[in-house]
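Shared between the two complexes below is chain A, which pairs with chain B and chain C, respectively.
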Partner chain A sequence: MSEQPDFSIRIDQNKFLPQGGHEVHAIVTVESAGAPVAATGTGTSAAEVIIIDTSGSMDYPRNKMTSAIKAAQAAVDTLRDGVNFAIVSGSSRATMVYPRAEELIPADAHTRAEAKAALSRLTATGGTAMGAWLTLAGRLFARHPDGIRHAILLTDGKNQHESPEQLDAAVAQAVGRFVCDCRGVGTDWEVAELRKVASALLGSLDMVASPEALEADFRAMTEAAMGKAVADVALRVWTPQYAKLRFVKQVLPSVEDLTGRRADVDERSGDYPLGAWGSESRDYHICVEVPAGEVGREMRAAWVKLMLGDQVVASGNVLAEWTDDEAQSTRINPKVAHYTGQAELAENIQVGLQARKDGDLDTATARLGRAVALAHQSGNEAIASLLGKVVDVDDPATGRVRLRKDVDKADEMSLDTRSTKTVRTRRGEG
Partner chain B sequence: MSVQESCPWCGSEVFAGEAFCEACGRSLTEVPAAGHGPSPEAAPAAGACAECGSTAFSEDGYCERCGLLRPGDRDHVETEAGGAAGVTDRGLRHSRNEDAMALAAVGGGVAAVVCDGVSSSPLPQVASQTAADAGLAVLTERLGAGDDPEKATRAALAGAIEAVTALAGSPHDAPACTYVSAYAGPAGVTLGWVGDSRAYWLGREARRRLTTDDSWAAEMVAHGALTEAEARVHPNAHAIVAWLGADAGEVEPHVTTFVPEGPGTLLLCSDGLWNYYPEAADLAAVLPDADPLTAARHLVRLALDAGGRDNITVVVIPLTTQEHAQHE
Partner chain C sequence: MAICPAGHSSTATDYCDVCGARIDGAASAPSASVPSGSAPVTSHLGTPAPGTPASGVRAAGEACPDCGAPRTGRFCEDCGYDYAVGGGRPTPRPPEAAPPPSAPAPPPPPAAGDPDEEDPVTRDWAPPKAPPPEPPATDWAAVVIADREYYDRVVTEDEDFTFPPYSPSRRIPLSGEQVLIGRRSASRGITPEIDLSEPPADPGVSHTHAVLLAKPDGSWTLVDPGSTNGTTVNEGDTPIPVNVEVPLRDGDRVHVGVWTTITLRRLR
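What follows is the complex of A and B.
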């Protein structure tokens, strides 16, 4: 096992509650530093499965298939020596591309060359059944339960050759067995469907509008996976008797509600899986409901620990203290306010785009307008610019907008896909 | 410097003549029952949680069942040394006592330090205790070595600043506190301070405040922008402009010596008392004619009765005519 990175936990909150107050909010920043450099070849053991959609539609236009092949080849080149890997092609069923046998093979100059050659012979035919693809990946990872387990799933279409229940069951089977970054290419795939997969498997979701951009994206994803130093990190949250943990959300780099992922540890603690970590920083928003206490009392509303297996590698306290000083209890922590806004931003975009599809133009205008105002206030330039392709903005400060009539499908999907991407507070505001 | 002894309850170092241990707060005149060895864990408050009755507490003092912070060892502490006495109390509105004090008989007089942790800083209770302990240690050492009281007072302040600064992980994570020290010796009273903890002279004939606050309110009054009364009720009244801590920048400590004109009481206190009795005359009017410990307890009680909104610390140092007459 390689050296662990140094983990730290920081808590941002206003611990003061008014008399009778019982809702505690805090932003938990988890940071890791000093992870070993991936390129040394002696890092943590790692396994990588690349899943390429080879359904018939990948040939229309033909450059989708050729670009996907090039991208997968670039990813193979990025694998460091010794990483166990495989390439899977996905259509109505899942097929091994390389190696032929249903197993992972260690990367070296020879296997990389063979894998790239096998990729170049791929042809597009058949349908789309992502559940079957994930099930094969799960079987491949099963013999490598330790270390980093990462998959890339590329698709260009809807999951048409399986029922939603079949996909859900396959995703549920895969949870905790590997991390999966998902990518949609073209405009015929379903954002909500792929988001469900990426989210459950703790991976990122993105849209690659032009096939040519796939290569750089695949290389970046593989590099990021190679940069991970530890797998299976969990956030353990203790809450006191009679308290209720309202939610645990990842809020940076993207909004992800983890509340339902809890695995109970004991009566008062539960673990929330955070996946694999390299040198990075992520923020979480925790909300706890505690019984109201007397003025002057202080309690620990939550005890947050970062777990690496059974080992606590960092911890922090979320506190509550009751005061009759209104100046203290009414102050809102700027980070809590910021991320509450970012979560609201993501929700408004998703609801607004759905309303637009459903023909409810009033709701769409109101929601997307609110999103414009939130993106503007929080300095989320990337989202603001994507919103500008879907609505005409009259006044960004108040969110007065008009829906655009001729919206490019790719722009709309791109906004939907990236709606959950957040930014950190601008310096000087936090 | 007094002979050092150790507390029979917790083993901490104590000074001869002290009635209570500064570390655990227990009486030094009582002897522990057999089998009760020195153990820092066995604080008097260690017992059941006031809220849920559980006896399991985590290392940092929170109940492992209901999360409530355990009452601290510093909630109410009384100290006596060299004929002076100090009382510090959590008050009624704060969850812990972030004030600290230290008191010792030294060089034919008495030295005392009072510190008030800055609530908005991390670990203010650690900052105040660290500053008080470090300040008193340097003060007694330098005075014992024969240093001039003003020089010793400056050295003590520097020592306290260094100790509190060393607590910080970074300038953004800097524990902070106020500081006021007094050495009442044969030649008079020497004071040193940073922040808004105060010293008063309550003499038979004259009474006055001896310190000026390093506070926003004091600056406004000094510039004539606000009257004393206006400044006191302003929302910024408690904002201090100088403190001990890694984020304090360049601190200019105040050091001054004062020769009492006759017998009286030297009083050191945190704002938990002077908020209710800001003027020297107010304090003189309620100071009982009693021994120092009784007097200090009485003043703390008055602050509690008035609302106890902040932590309260009072050190009472009586100065008699004879002492000074001898040396004049």
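What follows is the complex of A and C.
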């Protein structure tokens, strides 16, 4: 563990509550500094499984398959020596592409070349059963329980050849066994379905509209995985007697509700798994309900600790103090306000797009309009520009918009996929 | 060990282990961070307070966890709840939802995805020219392919059928009352609409192998009138029963012979 990065926790909040107030909000920033393992070439072991959809549709157009192969080859090139890896091909079932045996193999010049050759022979046939792919990946990782365990899953279609229950069961089995970044290529896949997989497996979700862009994306994902220094970090949150932890959400780099992921540690503490960690910073929004206290009283509303196994590597306090000074208690912490807005932004986009699909145009206009206003206020330019492809904006400040009639499916899916991506507070705000 | 204003004994000396109240004499904590390496499970930011049992000057205004009455002292005036020891009568714990299992789950059963297992056959693509999504089910096509996965599943090593190296997929529009799947025979006067004697001729298909029947509602059903090798649907193991109509839906796959998969596609 000598290679482990230096972690720190920072809490942003306004601890002052009015008399009778009992809801405490705080933004927890977890940051790490220190050389990633990739740079030193030592330390934590790593395992990587690349899952490529080889269903029949990957041939339509053909460049999906050829681009996926190139992308996977680029990812293989990015694996550092000694990383245990495998390539899996996914259709109605999962098949080993490389190595042939159901195991991971250490990367070196020879195995990388063999893997790339095996990839070049892949053909597209059959259906889509992602649960089977994840199950095979889980078995491969099972022999490498320590260290970084990362998978990339690429698909172009809906999970047609399994029931939703089968997929859910496979995902549930995979939780905690590996982190999985998911990518959809083309416009025939289901955003909500893939989001469920990525989210449960603590991975990112993105849409790669043009097959040609896959290669750079795969390289970036693999590099990021190679840059992770520790696996299986958890946020431990202690709350006092009679308090209720209302939610724990990741809010940067994307909105992810972790509330349901809690594993109780003892009566008052629970762990929220955060996956692997490299040299990076993530923000979490936590909300605790405490029994209202007397003016002048101060309490610890939550004690937040970053856990690496049994070791506490950083901690921070979320406080509550009751005051009769309204100027103090009505102040909203700018970071809390910002991320509340970002979460609301994501929700409005998802609800708005669904309403649009369902033909409820009034709701769609209202929700997407609200999203435009939130994106504008928070300076989330990426989302604002994606929204501009789905609605015509009359006034970004108030969110007055008109739904566009001629919306490209790819633009709509890309907005849906990226709706949860957040930005930091603007300079000077937080 | 410190005692909090409510009377709990606490290992942490800044805020109570139990109720979170700041312990008398402790300095207000910064929302601080602990550098890596040091691993304080408890913090020592303040000095331990002398053992002040709770008679609640600071804690007044709190509501009784048992009955909700405002707190006036160590004991609740309404129900006798003891704030110091958290009791007096059974104290309800805040309901805790059953947590999802955290740590690595046990290995999954060797189920789906096992390469030794049989090999389902499917084809998941819509025709390159995506049809408009809308209206009723009147126009259908059958997409016929030589299907490697199906072949791998049903053909054993001692059988001498070579999978065709080149086999373009064919797309046959469905029309009329019935569509025959089989092999052409001039002598018997059989000319199936889906003719699997066309190269690459599937050696496992009977002359009259199966029939697709148009239903009044625009859908199609499948009937096997008694083919030699049987007909399976959607990677099934068991052939469909002879002379029984099996309803088909968009995307359903019909497997016949040693490598043929026919996928039904609704065009509009």
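Throughout what follows, the second predicted complex is superposed on the first by the 422 of 430 C-alpha atoms of A that agree within 3 Å, B and C clash if a C-alpha of one lies under 4 Å from a C-alpha of the other, contacts with A are read in each partner's own complex, and residues count from 1 in each chain.
By our rule, a residue touches a chain if its C-beta (ideal position, glycine included) is under 8 Å from a C-beta of that chain, and two chains touch if they have at least 3 such contacts.
All values derive from a computational prediction rather than experimental measurement.
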{"item": "Chain C versus chain B on the shared chain A, clash or fit after superposition", "value": "clash"}
{"item": "Partner contacting more residues of chain A (chain B vs chain C)", "value": "C"}
{"item": "Contacts of A:P240 with chain B and chain C, given as first, second, both or neither", "value": "both"}
{"item": "Partner chain(s) touched by A:E193 [first = chain B, second = chain C, both, neither]", "value": "neither"}
{"item": "Contacts of A:R297 with chain B and chain C, given as first, second, both or neither", "value": "both"}
{"item": "Chain B versus chain C as contact partner of A:N317, first or second or both or neither", "value": "both"}
{"item": "First (chain B), second (chain C), both or neither touched by A:D360", "value": "neither"}
{"item": "Partner chain(s) touched by A:A327 [first = chain B, second = chain C, both, neither]", "value": "first"}
{"item": "Touched partner set for A:D6, first chain B, second chain C, both or neither", "value": "second"}
{"item": "Part of chain C, among the options 22-30, 112-120 or 202-210, whose backbone runs into chain B after overlay", "value": "22-30"}
{"item": "Footprint overlap on chain A, comparing chain B with chain C", "value": "239-243, 268, 290, 293, 295-301, 303, 317, 321"}
{"item": "In the complex with chain A, residue positions of chain C that touch it", "value": "14-16, 18-22, 28-37, 39-41, 43, 58-63, 65, 86, 93-94, 96-97, 99-105, 107-108, 110-113, 115, 117, 119-126, 128, 145, 147-149, 235, 251"}
{"item": "Interfacial residue positions of chain A with respect to chain C in the complex", "value": "4-13, 19, 26, 55-57, 59-61, 91-96, 102, 123, 125-129, 131-133, 135-136, 138-139, 142, 145, 157-158, 160-162, 166, 170, 172-173, 175-177, 188, 239-244, 260-264, 267-268, 270-271, 273, 290-301, 303, 311-319, 321-322"}
{"item": "Footprint of chain B on chain A - complex, ascending", "value": "239-243, 268, 290, 293, 295-301, 303, 317, 321, 323-325, 327"}
{"item": "Complex interface listing, chain B residues touching chain A", "value": "51-52, 58, 60, 62-63, 65-69, 91-96, 235"}
